[in-house]
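Here come two complexes built around chain A, the first alongside chain B, the second alongside chain C.
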Partner chain A sequence: MHILCPQAHLVNAVQKVYRAVATTTTYPAITGILLQAHENTLTLKATDLDLGIIYTFPVEVIEEGELLLPARIFTEMVRRLPPTSLSLKSLEDNTVEIAYQQSKVQLNSIDVSQFPLLPPVEGNFSFSVAITALKDAIRKVTIAAGNDDLRSVFNGVLWELEPGENRFNLVATDTHRLAVYHGQPGDSSSNETATALVPCRAMNELARLLPGEDGLVKITIGESQIYAQHEGLTVYTRLFNGKFPHYQQVIPTEHICTIEIATRDLLDTVERATLLARDENKARAHIIILQVGEKSLKITSEAAEIGHLEEELTAEIAGQPLELALNGRYLLETLRVIDTENVILELLAPLKPVVVRPAGQENYFCLILPVRIG
Partner chain B sequence: MSSSCTILLCDANSFFASVHQALDPSLRGRPVIVAGRESTRHGIVLAASYEAKRGYGIKTGMTVREAKSLCPDGVFIPPRHDLYIEFSTRILRIMRDFTPLVEPFSIDEAWLDVRGCENLFGSPLTIAQRLKDRIKTEVGITTSIGLGPTKLLAKMAAEMQKPDGLTVLDYPDVPKKMWPLPVKELFGVGPRMEAHLAKLGIHTIGNLARFPVEALVRRFGVVGRTLHQCANGIDYSPVDPHSLDRAKSVGHQITLPRDYYSYEDIEVVLLELSELVARRARMGNYQGRTVSISLKDAEFNWLGRSYTLPHYTDTAADIYVAARRLLRRHWPPGRPVRLVGVSLAGLVPSAARQEDLFGRVEKQARLDRVCDRLKNRYGERAVFRAASLTGAGVLFARG
Partner chain C sequence: MSTNLPEDTGGMLTVALAGLEGQLNEVLKETRRLRARVRALEEENQRLRTLILAAGEGEGGRQQLVRLYNEGYHVCPPHFARVRGNEGCLFCQSFLEKKGLLPDG
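Take a look at the complex of A and B:
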């Protein structure tokens, strides 16, 4: 293999795939990045057998071929090379020579045949989504996902494709809160509904890799994998097998009280209230109390050794007065992803879920289950 | 002796053995050895009377077999923890007659601060002597008391004369009495720390006291500074009568009747221990987050690992899932297991409970409440897991 390519392009590509490289493994081949030169493009591939990232971009190919290079040293080296044109050429003795200006560096390579075959992009369900919508959905939904190795289904985001409704849903829950996002799919390949449980980590990597501009991502749901493609980039991940709970059943269908309030004001108050109650090792960690009056919302929190806080916010309130306690951190994380000026809280009872919605946006809500104070 | 010497450490000598000797006069003067039953492999010496220690070289932690070969006519007695707790309570009650500042350190040791009690009971030395006499006549147990200006020096003093000692260790005595001792005698220095210190050429408490403190801090962090202070007799911790009111962890461990080899068998015991631990946490109104397991193999090699859950719990199911995961991740398959332990740490009072969307927590809590009520009324074996009926069960299903 022999290619010519500007250093900046190679750095950009290597940094894209690097996050999928396995770090702790006994299988050396997957600690490498696979380079494939073919018809004036270079394709970089990395996988830890769960997550895989593939990136293709144009280069000048002098001789086609493949190379598997140790990811860490290759990435670190390429980043430090001068910003000029580079020549990458494989030599006879299983090494690669990277030449730049009047200099060169030679790196040992790994046996290409050891690199696992990546699954071809295939599946019965595919559709496209606007990049902006997908990034928005990931940001708003992943906050509710769990982080417990012992119950991995809650560490995933459920994708539901409902072509009949012209809708896709992203759902996550850690059993204490639940976030639901509705999006509109474009050119769906099937009329049947499909679901996939996608690890949160892959969702976050995808959001990081997609550019912050207009455009579409093509999503393909396969048997045990899901793929996202945009221009030269393909991200895929193994799906979780576990059974996601029947989340629709826990979404309240009624409420006795609604509060509409300025998002920023509520966020600031909750931030201060949670600050007092942030000691993880205390019985009342993160607990804040919401008291709904007729015209105002009162928020209090206390920590025996530190002090207490009481704030009263004016709000538009319809319905009956109510008091409940909840984890302030959960409310905080939800408010931080709400972009509308006002936010709506819907309450039913002290121990029933609180529904948090952006005012004027129908496509998202998060529900938070209160805390029982004994 | 300076007037600041007001802290006492009172240590009941050979406590378990002494309790049996106090109850049964025929045992006095004879080598009494408290040890678990060999048949269930709990055959380890838990305590030995001074007659057994001095006359026959019996040491705590020896196997019963060793002890029997050293002391064939020793009186071997199975442990009676209910008695020890009762005696310990009686001793603490006498201590509290002198001062409210009593900090129990273990079942047979406690610190007392008698500052300000002089007008009532006399000098600290007089109080120490009166305390010894009262425990001897009212409970029938001899004690060793150390007296010093700090908890550390009181403890070091108590160790210097056993049994039936009364020793004063004041700051001016430190270089002469404490520094020549091997460093492992310093309170807080265990075998591992001893080995680390030996590498630095520190073998006596005096070596440690004169070692540059910065070097110790670089090597051991905050612990290095504390050790250096201890070696110089400095200790700022007050006698805290409430130190035991706040449990930090609850745990249980058991030596198995035979070595277990399969994960499935070990897991039955993990489940039983998880039940016990969860129940004790609930009884104390605690919830915890960090689950630890501890395992010993046939050669007594020890392994301890822990996992911190994202949420607080007081239910066996959560503890068990974490314990099982730790076992499968860290214990090689097929390696024999002799001892299993499970503990729950990071305890907080369970004043609030995060509700769960799918009702799992609430359902489990209801079930736990019902089982607790059954057990409170009909005993610990009133209700147990079906797994305890398998051959691997050790805690519930057997007499």
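Take a look at the complex of A and C:
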């Protein structure tokens, strides 16, 4: 293999696939990045057998071929090379020579045949989604996913496609809170509904890799994998096998009190209250109290060794007064992803889930289960 | 770039680093062993709790669900008998409400 390409293009490509490289050394081939030069393009592939990232970009191919290079040293080296044209050439002795200006560096390569075959993009369901909507959905939903047990279905994001409703839903829960986002898909290949339980890590990687601009990403749901494609980029991940719980049954269908309040004001108050609520007793850590009056919302928090906070915020309140306690960190994380000027809190009872939603937007909400105190 | 370290100091550092690397590997090995042990114990715990609950089925079965939840364990199907900790669970609460059993905590 022999190619010529600008250093900046190679750095960009390597940094895209690097996050899928395996960190363990039990199977050395997957600690490498596979480079395939073909018809004036270079394709980089990396996988840890759960997540895979493939990226293709144009280069000048002098001789087609493939190479498997140790990811860490290759990435670090390419990042540090001068911003000039690079020549990558495989040599007879299983090494690769990277030449730049009047200099060169030689790296040992790994046996290409050891790199696993990546699954072809195939599946019964495919549809497109606007990149901006998908990134927004991932940012808003993954806050509610669990992170205790990486094998758990609660560490995943449920993706539901409902072509009949012209809707897709992303759902995540750690059992204490639940976030739901409704979006509109573009073209869909099937009229049937489909679901996929996608590891949260893969969703976050996808959001990181997609550009911050208009455009569409094509999603394909296969038997055991899901694929996302945008221009030269393909991200795929193994799906969780477990069954996501029937989340609709925990969504309250009624409420006795609605609070509409400025998002920024509430966020600042909750941030201060949570900062204080660092009780050494784990059961009381991060707990803040919400007291709903007729025209204002009072938020208090305390920690025995630190102090006490009490703030009163003006709000539009409809319904009955109520008092409840919840984990301030959960409320804070939710408020941070709400972009509207005002936020709405819907309450039913001291121990029933609180619904937090952006005012004037029907496509997102997050439930937070209050805690019992006293 | 030249270094100001005397040659023997450099050598000692290399030996110390090699020793540290060896110790880190041992710690990693022990962590892996402990993780496997924890997983096995978690699974055993879940099996035992399921057996206890099955033994208590019948008239007291419903109350045992509430007791199990109040003692800090999940009773919802996806997480049944796993440690819940101090925080509530949306699915346990919904499950108990559906059965007409309101949890205490």
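Going forward, the second predicted complex is superposed on the first by the 365 of 374 C-alpha atoms of A that agree within 3 Å, B and C clash if a C-alpha of one lies under 4 Å from a C-alpha of the other, contacts with A are read in each partner's own complex, and residues count from 1 in each chain.
Everything below uses one rule, namely that a contact is a pair of C-beta atoms (placed from the backbone, for glycine too) under 8 Å apart; a residue touches a chain by one contact, two chains touch by 3 or more.
If you're wondering where the values come from, they're calculated on a predicted model, not measured in any experiment.
Participant: Based on the shared chain A superposition, would you classify chain B and chain C as clashing or fitting together?
Facilitator: clash
Participant: Report for A:T173: first if it touches chain B alone, second if chain C alone, otherwise both or neither.
Facilitator: Touch partners of A:T173: chain B and chain C.
Participant: What is the contact status of A:A325 with respect to chain B (first) and chain C (second): first, second, both, or neither?
Facilitator: A:A325: touches chain B, not chain C.
Participant: Considering only touches as defined above, state whether A:P199 meets chain B (first), chain C (second), both or neither.
Facilitator: A:P199: touches no partner chain.
Participant: Per the contact definition in the header, classify A:V250: touching chain B only (first), chain C only (second), both, or neither.
Facilitator: both
Participant: Check whether chain B or chain C contacts more residues of chain A in the superposed model.
Facilitator: B
Participant: Under the stated touch criterion, which partner chain does A:I373 make contact with: chain B (first), chain C (second), both, or neither?
Facilitator: After superposing on A, A:I373 lies in contact with chain B but is clear of chain C.
Participant: On the A-aligned overlay, A:L351 touches which partner chain: chain B = first, chain C = second, or both, or neither?
Facilitator: After superposition on chain A, A:L351 lies in contact with both partners, chain B and chain C.
Participant: Does the superposition put A:V153 against chain B (first), chain C (second), both, or neither?
Facilitator: second
Participant: Select, from 169-177, 205-213 or 349-357, the region of chain B that bumps into chain C once both structures are placed on the shared chain.
Facilitator: That would be 349-357, the one stretch with clashes.
Participant: Report, in rising order, the residues of chain A that make contact with chain B in one complex and with chain C in the other.
Facilitator: 173, 175-178, 245, 250, 282-283, 327, 351, 353, 367, 369-372
Participant: Would you tell me which residues of chain A are touching chain B in their complex?
Facilitator: For this pair, the touching residues of chain A are 146-150, 173-178, 245, 247, 250, 281-285, 287, 325, 327, 351, 353, 367, 369-374.
Participant: Under the touch definition given earlier, write down the residues of chain B that touch chain A in their complex.
Facilitator: Of all residues in chain B, those touching chain A are 307, 309-311, 321-322, 325, 346, 348-358, 360-361.
Participant: What residues on chain C touch chain A, complex-wise?
Facilitator: Residues of chain C touching chain A: 74, 76-79, 84, 86-94, 98, 104-105.
Participant: Per the contact definition, I'd like the list of chain A residues that touch chain C in the complex.
Facilitator: Touch list, chain A to chain C: 153-154, 173, 175-178, 242-245, 249-250, 282-283, 327, 351, 353, 367, 369-372.
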